[in-house]
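Chains here go by letter, A, B, C and D, matching the order in which they are written, and residues are numbered from 1 within each.
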Amino acid sequence: MASVLITGIEPFDGEHINPSWEVVRQLNGVYIANTLVVARQLPCEFGHALDKLYQAIDELEPTLVICVGQAGGRAEVSIERVAININDARIPDNQGYQPIDVPIIEQGPAAYFSTLPIKALVQGLRDDGIPASVSQTAGTYVCNHIMYGLLHHLKKQGSPARGGFIHIPYLPEQAVNHPGAPSMSASTLVKAMEKIIAVSITTLKDLVVSAGATH
Amino acid sequence: MASVLITGIEPFDGEHINPSWEVVRQLNGVYIANTLVVARQLPCEFGHALDKLYQAIDELEPTLVICVGQAGGRAEVSIERVAININDARIPDNQGYQPIDVPIIEQGPAAYFSTLPIKALVQGLRDDGIPASVSQTAGTYVCNHIMYGLLHHLKKQGSPARGGFIHIPYLPEQAVNHPGAPSMSASTLVKAMEKIIAVSITTLKDLVVSAGATH
Amino acid sequence: MASVLITGIEPFDGEHINPSWEVVRQLNGVYIANTLVVARQLPCEFGHALDKLYQAIDELEPTLVICVGQAGGRAEVSIERVAININDARIPDNQGYQPIDVPIIEQGPAAYFSTLPIKALVQGLRDDGIPASVSQTAGTYVCNHIMYGLLHHLKKQGSPARGGFIHIPYLPEQAVNHPGAPSMSASTLVKAMEKIIAVSITTLKDLVVSAGATH
Amino acid sequence: MASVLITGIEPFDGEHINPSWEVVRQLNGVYIANTLVVARQLPCEFGHALDKLYQAIDELEPTLVICVGQAGGRAEVSIERVAININDARIPDNQGYQPIDVPIIEQGPAAYFSTLPIKALVQGLRDDGIPASVSQTAGTYVCNHIMYGLLHHLKKQGSPARGGFIHIPYLPEQAVNHPGAPSMSASTLVKAMEKIIAVSITTLKDLVVSAGATH
């Protein structure tokens, strides 16, 4: 039976929660567009995050994989366009490992583009009154690592499954500790994820509308 | 019977809604700390906004008046500290009037400080997981005009009622049209207003904690 | 002989320099519009800053007093519109004193408006290619304290001298330690101050153009 | 004789100048670390910008190529890490062409990493008091197009020359028309480019220090 795998990440950088897991776990077991949604949590650890992700993919054989992470300071749901083949950690991960300018996959391609319909996702979210935009960088930390690893794995396996990465803002209860930082409520984010899953399932050809950046 | 007057403002600057009215109207008729909450909408018009505000105060004789307005671009609930005696409109108001450097009240004092417990409000909101901060400026447009007019009226009347002004972010459905802008959901904002009313009713002496700005 | 008093402030908040003093000291002794410019440094200390400012005013009897301070994080030269009668220090001053919600002058008016031609200053700076804007708040720390104290002193003395406050960005060498923060070069800031002094001397009636904020 | 090719871009997006050309043209003909610097202007046009860049490379056979562009809104000199194989234009280029999600090079790799010592450049600039940081995205417009095209060309030709892209802020005279936007003076930017050229020539192995982003 067709399934969607969605993942959140453990808390990191001193946070007690990670909005990605708080949100995606609420969708575990629901059906969207006749497709079972399965939610898994990944550790905020280089390497181990991919081990756990690959296990879940091998086990579930999903037709769609959407990984989600926290982007503290961003105000919108951001749909990542591309992941690059580099780990450059500003802070150590949850196992204390801090790689600097190390490729994720030796001899891997320099980048992978999301295979989600990124423009249609932004349009769908905005149609539902949820602020969203395409992001041109997923950073160089565990989130980018997961996105790159996911797309490399699907490619290498010749899998027809599509995949990508979504960054979400702090929850309000986190932003309280970051004065001035934007936030988004869990209920808005759950609606956002439902829409993202539905649009991803039903949109095989992306919209041709600009979501570019001049720099 | 004791009542609280809360006000929102009409949409302006091309918006179809104003979050302040969308939020405060949901509290019309509820009781908080044994006090009836009455919500009124004010026009986004210099002068007329105060006419309507003063009528409501004369009619209801509230013990507390909390005016609310939209601060598009701010990420938090912001508790205004002070209103200044100047109208300097960047854009015309809803009747097409655009005063520049005109006092709100000829011969009025240069400013009025909020008589709400502004530090306790920030603390109370943060305790409930709602991002909030003290703001040192309410601008020079209709919101500042309302706050100054309110505090001048209460003072002139010798009213024991306390009053102040709260700026709130865009709702998510507004932020969709302002790429990159932060937002806050209506449900979070309704909870914020309930807390603000409750803390204002029960806190007669403000906390002595800093919420200042170096500039 | 007519003179202009300009002041900068000592470094604070862990900085080794304060751009306000680095800039204004370069103008000490020059003549602008036939007026001698005298530069003085004020301590970053509540109270003592005003003692030293008042001594300089009594000694020099300037026709114009322009106080300058650092606004780390702002990108433009900002011309302050108003100072409010409150000290609310987010961090202790250089003598370790941290007042919270204490009036600057007991029984003083709630605020003073700048008596500089703030709109003409912004226009003059922009005409010279220098980013500038009117600011609606000088904060609640030593800068606001100095601006309020200055205007209160001139008023109380019945002095015809005009006065106000200018906030300037970090210098580039400071911004290096605040990743992402904007800065402005000392040479641009010296030109800005020359223009501010010249326009202030020659402009007795301000322009009627909007420089307001909706919040 | 060894030479360095540096390029700026024509004005675009309604600007009358482009800081990249205003700055790099001042270095045309100077010698840095015994190497002749040659400055060329590229059109803000997809395709034609690369034609002109490739001609200059073929003509000069430089050992180093540093392309520079405007990043209106950024506060620091930003050293780009990576260029991606996509054109997604938010606005038309100067010939009216607006590609959306079109690869720069059909069948080209998804991305190229800068071959400049990006961490050493940031460190060198900061040592000289010039705000700088590594950027994880050069956007999806003409700047990214030039960076990708440059690195693809050098690779395809088997050239030993190194290359990369630098984004710089608005000049102050531009920021005047973008209220609130940060800027950097031309004299600071010329010093920055001299340092970037010198460090690039003399640093063959980059520093191992983090300049990553968590998102």
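Simple rule for what comes next: contacts are C-beta pairs under 8 Å (C-beta built on N, C-alpha and C of every residue); 3 or more make two chains touch, one makes a residue touch a chain.
In this text the structure is predicted, and so the values were computed from the model without any measurement.
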Exercise. Do the two copies subunit C and subunit D share over half of their interface residue numbers, or under half; same or different?
Worked result: same
For this session: Report, in whole Å, the distance between the mean C-alpha point of subunit A and the mean C-alpha point of subunit D.
Result: 30
Problem set entry | Centre-of-Cα separation between subunit B and subunit A, whole angstrom | 38
For this session: Could you grab the centroid distance between subunit A and subunit C? Build each centroid from C-alpha atoms only and quote it in angstrom.
Result: 47
Exercise. Residues of subunit A that touch two or more other chains: which are they?
Worked result: none
Exercise. What graph shape do the protein chains here make by touch: line, ring, star, complete or other?
Worked result: ring
Exercise. Can you list the subunit A residues touching subunit B in their complex?
Worked result: 75-76, 126, 129-133, 171-173, 175-176, 179-185, 187-188
Problem set entry | Residues of subunit A that touch subunit D when the two form their complex | 13, 69-74, 81-82, 84-91, 98, 100-101, 109-113, 119, 136-143, 167, 206, 208-215
